[in-house]
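Two complexes come next, and they have one chain in common, subunit A, joined by subunit B in the first and subunit C in the second.
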Partner chain A sequence: MIGQKATDIRLHSAPQRKSGVRRWLQRNRTGFLFILPALLFYLMFFVQPFFNTVYYSFTDWNGVNPTKQFVGFANYIRMFGDRLLWLSLRHNLIWIAVGTVAPIVLALPLALILSNIKRGRLFFQTGYFMPHILSGVVIAMIWGWIYNPLFGLLNYVLRAVGLDSLTRGWLGDPNTALYAIIVAAVWGYFGFCLVIFMAGLQNLDIDQIEASRIDGANAIQRFWYVIVPQMRYVLNMVIVYTLIGGFNVFDIVYVMTRGGPANHTELIGTHTYKMAFQENQIGYGATLAMLMMVLSLVTSLLYNILRNRGDAES
Partner chain B sequence: MKRFIGSTIVLLLVLVLAGCASVPAAQPATGTDSSAAADASGAADTNAAVTLRVMDSFTDEAMNAGIEKLDEMFMAQNPDIKIQREAVQTEDMRTIVQTTLAANEAPDIIYYDTGPGFAGVLAKAGLIRPIDDLYTQYNWDQRIFPWTKARTTFDGKVYGIGNELEFYGAYYNKNLFDQLGLTIPQTYDDLLAMCQVAKDNGLIAISFADQGKWPAYHMFSIVANNVLGKEKMDALLFGDGRWDDPEVVDAIGIWFTEMNDAGCFIPDTAAVSYDDGATLFYNGQALMHFTGTWLIGRVLENAQDFEVGWLFFPAVGGKPVLPPAGLGSGYFISSNSQNIEAAGKYLDFLFSKEAAPVWMEDVKIVLPMNVDASKYNLPDLFKFVVDALAQQEMGYNIDVLTPDNFNSMMGDGFQAVLLGEKSAEQQGADLQAAWEQAVADGKVQR
Partner chain C sequence: MNHSMRSGSSEQQHGSVTTIHTSRARWRKAVSALLQYLLLLIVLLVALAPILLMWMSAFKTRQEISVNPLALPTAFTLSNLVQAWTVGRFGQYVGNSILVTIPVVLSVVLLSAMAGYGFARHQFWGRQFVFYAFLIGLMVPFQSIMIPLYFNIKNLGLLGTYWAMILPAVGLGLPFGIFLLQSFFRGLPHELGDSARVDGCNEFQVFWRVLLPLARPAVSSLVVFQFMWTWNAYLMPLLLLNQEALRPITLGLMFFQGRYTSDYALISAGVTIVTFPIIIIYVAMQRQFLRGLTAGALRG
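On to the complex of A and B.
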């Protein structure tokens, strides 16, 4: 009897669920229609190009030839022997390490200071955020002038303060070129981190901070043990965003040095561009683009896993 | 209400999709309905008006004005043909042309680099059309220098007309030369001695700036032709010469090691852009600016405070001076063009005696054909260039004849030699390896 009853329930529950889904779809039809245009754009300008890139990565297409010869995993295998790719990857890792830490180290304390001032906060906030609205090309041009060995501001200031020995062609010196570009990129990016951190600071639990103050915690302890843990989700967002950006850098480097001098600022992005559009190897360029995507994904996932594990342990 | 919202969204979607859908293969945008119909039927250039779409890279103000003048002259002679011209920056040309050709939206005529790594790639893909028939029809062989035809010939077929005849050497500041008691260097040692004189007087000898990497290609061409001579250059580019040959290594060493070590160049040359290097010359801070004759218009415009002369890189080891010469870009016809006859007429006009004065006086470009410069109103420097092209034996401009992977190795490798990170021997070996790779990939034309 019990079995019979269970069957009856199953027989009745399927149409009920179906009609429930249909009802849900009917109820949200207008909503779906509203998101449809955006979905179509997404399919056309993201999904379709993405699958095209996957397809090209298995061909030896040169960008103009009507035939795209299928080469299997040849492009992926080629990556392992590509000396410039490994060099570029190394530069990307330096970029990610410095380019992730520097804006956070600069922006978080600054956000704390700014959140405590009453007058002129908006002025400073806007001022620091301004570079972020500039495109990478404009930032590259501005800093290109600053670093110019002939008339650049940096060398001029160094000479003016008697530090002539430090003057150099910042973008032409293998020891400084990459870091000089990272400084420019950090200048353009840290204002964004600042604004995000300031927004995060608005949601801090003031009672906890007050309690720690009463318990005798000094400013550094309050910052490290009370504020930073409360800001972890904001920090997480900024770090993931920066990590992804760190693998996809292209414009600022291309405008400032084109990967030079002698490949000392070559990144995966510039190497990909060179292969795809300067050497007419779209197939291999697409493979490098896939690598960039995989690296961004894996790094972000790993970071999130580690962070979640840390959260669980704490 | 729901029905209204639904219909509105559907209508919007239709409009958006219609806007996003690719437009049909390039059809000339004619001024009249009848000509549009004629174009659509493929009988565009019989009697009906034809719009000929041309894409070039003459964006410079003076050059642009000169080309517009040429187009007006042509349209006055051919009222049934309308020129619809689009000028794009040289650096954007490659991407734009490849995209439009691949999308079947290319203009009828494109102005594109002539080398195997540029037009050769388009020809191989069947995106530009052979014009052997037009060469015969308009008898261009009788007018245009035959050697230029080879630069636009791929797999035995002629695909275009190369333009912008140019050669490399140095603009020099005559006033500074006089002040310092310098004369045109006859030997490489003379040139090295001049570097010291310039340094002693707080000047830069040669405003060589290599941030863009490509200026190094040209400097290598300048020295290599003088060191190797015509025969060996022929073997290198079209035979079985080797890039790790000791003479090639010598040529690399002369410019990128010896002259760099002698302080002939701008300090931190790898950090200085080509334009900034040229500005040092315009401002009288540099004695010489080694580059191509394409810059002549800008040099005459900017170097106002002193007289400008021209010199070639001097002889090395008693060998003859062989300045590299070559073509800049050239005119090519898209495979999809329906207006071949009109395109032929247009090209025939551009390379005519009638158009030559405008090219030289306004656009400041030397055509690949015999012209009597004395007849035109040209600055002395420009007359010298035209005469030199007719009288001086010329060598090869390497980078327009070599494949793109080889050019990448030149650009990055020469910077490494300048920085002292790589020897001339190693760079020679790397160039040879890049060449062998290009041969294996079928990118080298023998």
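On to the complex of A and C.
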């Protein structure tokens, strides 16, 4: 768009308008120059692929042919009959449900306790957050070891306490594979929630909590009726991050199970990747990518609506 | 309460009652504090156990690991680490990660500081629109654009070079960086830079000499996050940097695991080589990590 504006300027640089154009350019030049390098990168590596995804999703293409065949909405219609996609979506929903509730239930009480103590807050925060700085690949490998049927820690501990009947190949068993991966992901994520909650707790209105204490509210009532409403911003933020993260999971699942056993841990992210880059169905892969885009955008939008409504109320 | 009671009545009896009362309260408080610390410590140990056990295993023999994976290493053998380093080519992988990460971080910081400054402190035609266009980049997942991106990079003839990842990673890192720095620059007083302008500095010098140094807290948070994202990236190099000579550490680790599926002495050594430096950097820069997040959360 900036480029187009530049040609406008050249077209209109007839003598009689020169001074006005020059003034316009002068007024805008500094700002343009500061954002131009960033904008060029962004146009090339985000905006262009963004619109090309839309375009590809209406084509049938194997990635090699010189021509992409236009197929209209065929790929979108195909999605409805794609049983693997529905299965993947179901797994994503399980991921989101467990992966949203578990880290919050773990991190919020922990943050409350942590904000109560006087010394060592930073120490504990640093420790809890540590798993979050690890790459998904590393998390997947650590937990792959824990879940290993022969050498794994989990089976070792179960055997040590006499629960041999529970031992299994956690990632190979269709009943446990997805949940086993979610546990690993929650481990990598709860410290992030905790740090965000700590930030929210630092902003609490202490007077309100004191007032409710004087009014005779017990700890649980204070938590539920005074602290949680004040933490609404922060809770919303964490939930949206988790939702978007839950739709887009890839690394940890792909490294741990590749979507197996027998698609029992298939998610939209792995399904899209496989369609596009292993099955070479670029058009349909792009359609699945569109679905992921829509899910993320809708979630973000919902967050903004919620936040604005919250602003209006307070 | 204690104080007012004492000053209100000087009677001996009264005073001793309050002391008992407060000492009991103090005792209860100390116990509850102790319990809280204990709980926090247990959770901390459980949370860090997977990492610590992995590190410990790197120094154990294969036999030790299979007999008791929880025990401390007795022999402290270094042979796993040496072997992983030599056969696993971790030196090369780490080198690749550095070659990709450093240019990405530097470019993202410079470009988003400039753009953030432009958005925050200069008026220009289309400002609002372009800024919102950048914000959309925060919400769209990488998978939604990866397919055309891969073909673009391929058509540009960049596959097989480090540029294949560096250039798009810069473009995709910008939305967050711009968002962070824009809001920082917007918070600075408006008169800043005026005196430099009076002294004859041009706009770039004003940015470079006056405002950018002030943005250090935001910049250091951005450095830390961008470093972490680029260093830990998996899907992007899987698509764009998947040649043996170019593989970064995340891909290298995965291929290493593929070769030594159940040899947990070697795998834990590999994981240790990869995680230990990261965790050292993290502990050294914990404030930047946590502050960056906190700033984001407080902005709402």
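By our rule, the second predicted complex is superposed on the first by the 266 of 314 C-alpha atoms of A that agree within 3 Å, B and C clash if a C-alpha of one lies under 4 Å from a C-alpha of the other, contacts with A are read in each partner's own complex, and residues count from 1 in each chain.
Definition applied: contacts are C-beta pairs under 8 Å (C-beta built on N, C-alpha and C of every residue); 3 or more make two chains touch, one makes a residue touch a chain.
Source: prediction; values computed, not measured.
Enquirer: Touching A:Leu297 in the superposition: subunit B (first), subunit C (second), both, neither?
Expert: After superposing on A, A:Leu297 lies in contact with subunit C but is clear of subunit B.
Enquirer: Just subunit B (first), just subunit C (second), both, or neither: which does A:Trp86 touch?
Expert: Neither subunit B nor subunit C is touched by A:Trp86.
Enquirer: Touching A:Ile196, do we find subunit B (first), subunit C (second), both, or neither?
Expert: second
Enquirer: Under the stated touch criterion, name the partner, subunit B or subunit C, that contacts more residues in subunit A.
Expert: Here the partner covering more residues of subunit A is C.
Enquirer: Touch test for A:Phe73: subunit B only (first), subunit C only (second), both, or neither?
Expert: neither
Enquirer: So, does A:Trp224 touch the first partner subunit B, the second partner subunit C, both, or neither?
Expert: neither
Enquirer: Using the superposition on chain A described above, determine whether A:Phe277 touches subunit B (first), subunit C (second), both, or neither.
Expert: The answer is both, since A:Phe277 touches subunit B and subunit C.
Enquirer: Classify the contacts of A:Ile142 with the two partner chains as first (subunit B alone), second (subunit C alone), both, or neither.
Expert: Touch partner of A:Ile142: subunit C, not subunit B.
Enquirer: Hey, what residues of subunit A end up touching subunit B and subunit C alike?
Expert: 30, 33-34, 37, 44, 63, 148, 150, 277
Enquirer: Which stretch or stretches of subunit A touch subunit C in the complex?
Expert: Touch list, subunit A to subunit C: 1-2, 5, 24, 27-28, 30-35, 37-39, 41-42, 44-50, 52-53, 55-56, 63, 110, 113-114, 116-118, 120, 122, 124-131, 133-138, 141-146, 148, 150-151, 153, 156-157, 187, 190-192, 195-196, 198-200, 202-203, 233-234, 237, 244, 247-248, 250-251, 254-255, 269, 272-273, 276-277, 282, 285-286, 289-290, 292-293, 296-297, 300, 307.
Enquirer: Which residues, counting only subunit A, touch subunit B once they are in their complex?
Expert: By the definition above, subunit A touches subunit B via 29-30, 33-34, 36-37, 40, 44, 62-66, 147-150, 168-174, 257-263, 274, 277-280.
Enquirer: Once bound in the complex, which stretches of subunit B touch subunit A?
Expert: Contact set of subunit B toward subunit A: 2, 5-6, 9, 12-13, 16-17, 20, 94-95, 98, 101-102, 117, 121-122, 124-127, 211-213, 266-272, 276, 280, 404-405, 408, 411-413, 415-416, 418-419, 421-422.
Enquirer: Within their complex, state which residues of subunit C touch subunit A.
Expert: Residue list for subunit C touching subunit A: 33, 36-37, 39-40, 43-44, 47-48, 50-51, 53-54, 65-66, 68-70, 111-112, 114-115, 117-119, 122-127, 129-130, 133-134, 136-152, 167-168, 170-172, 174-175, 178, 203, 207, 228, 231-235, 239, 250-251, 253-254, 257, 262, 264, 267-268, 271, 274-275, 278-279, 282-283, 286-287, 289-290, 293-294, 297-298, 300.
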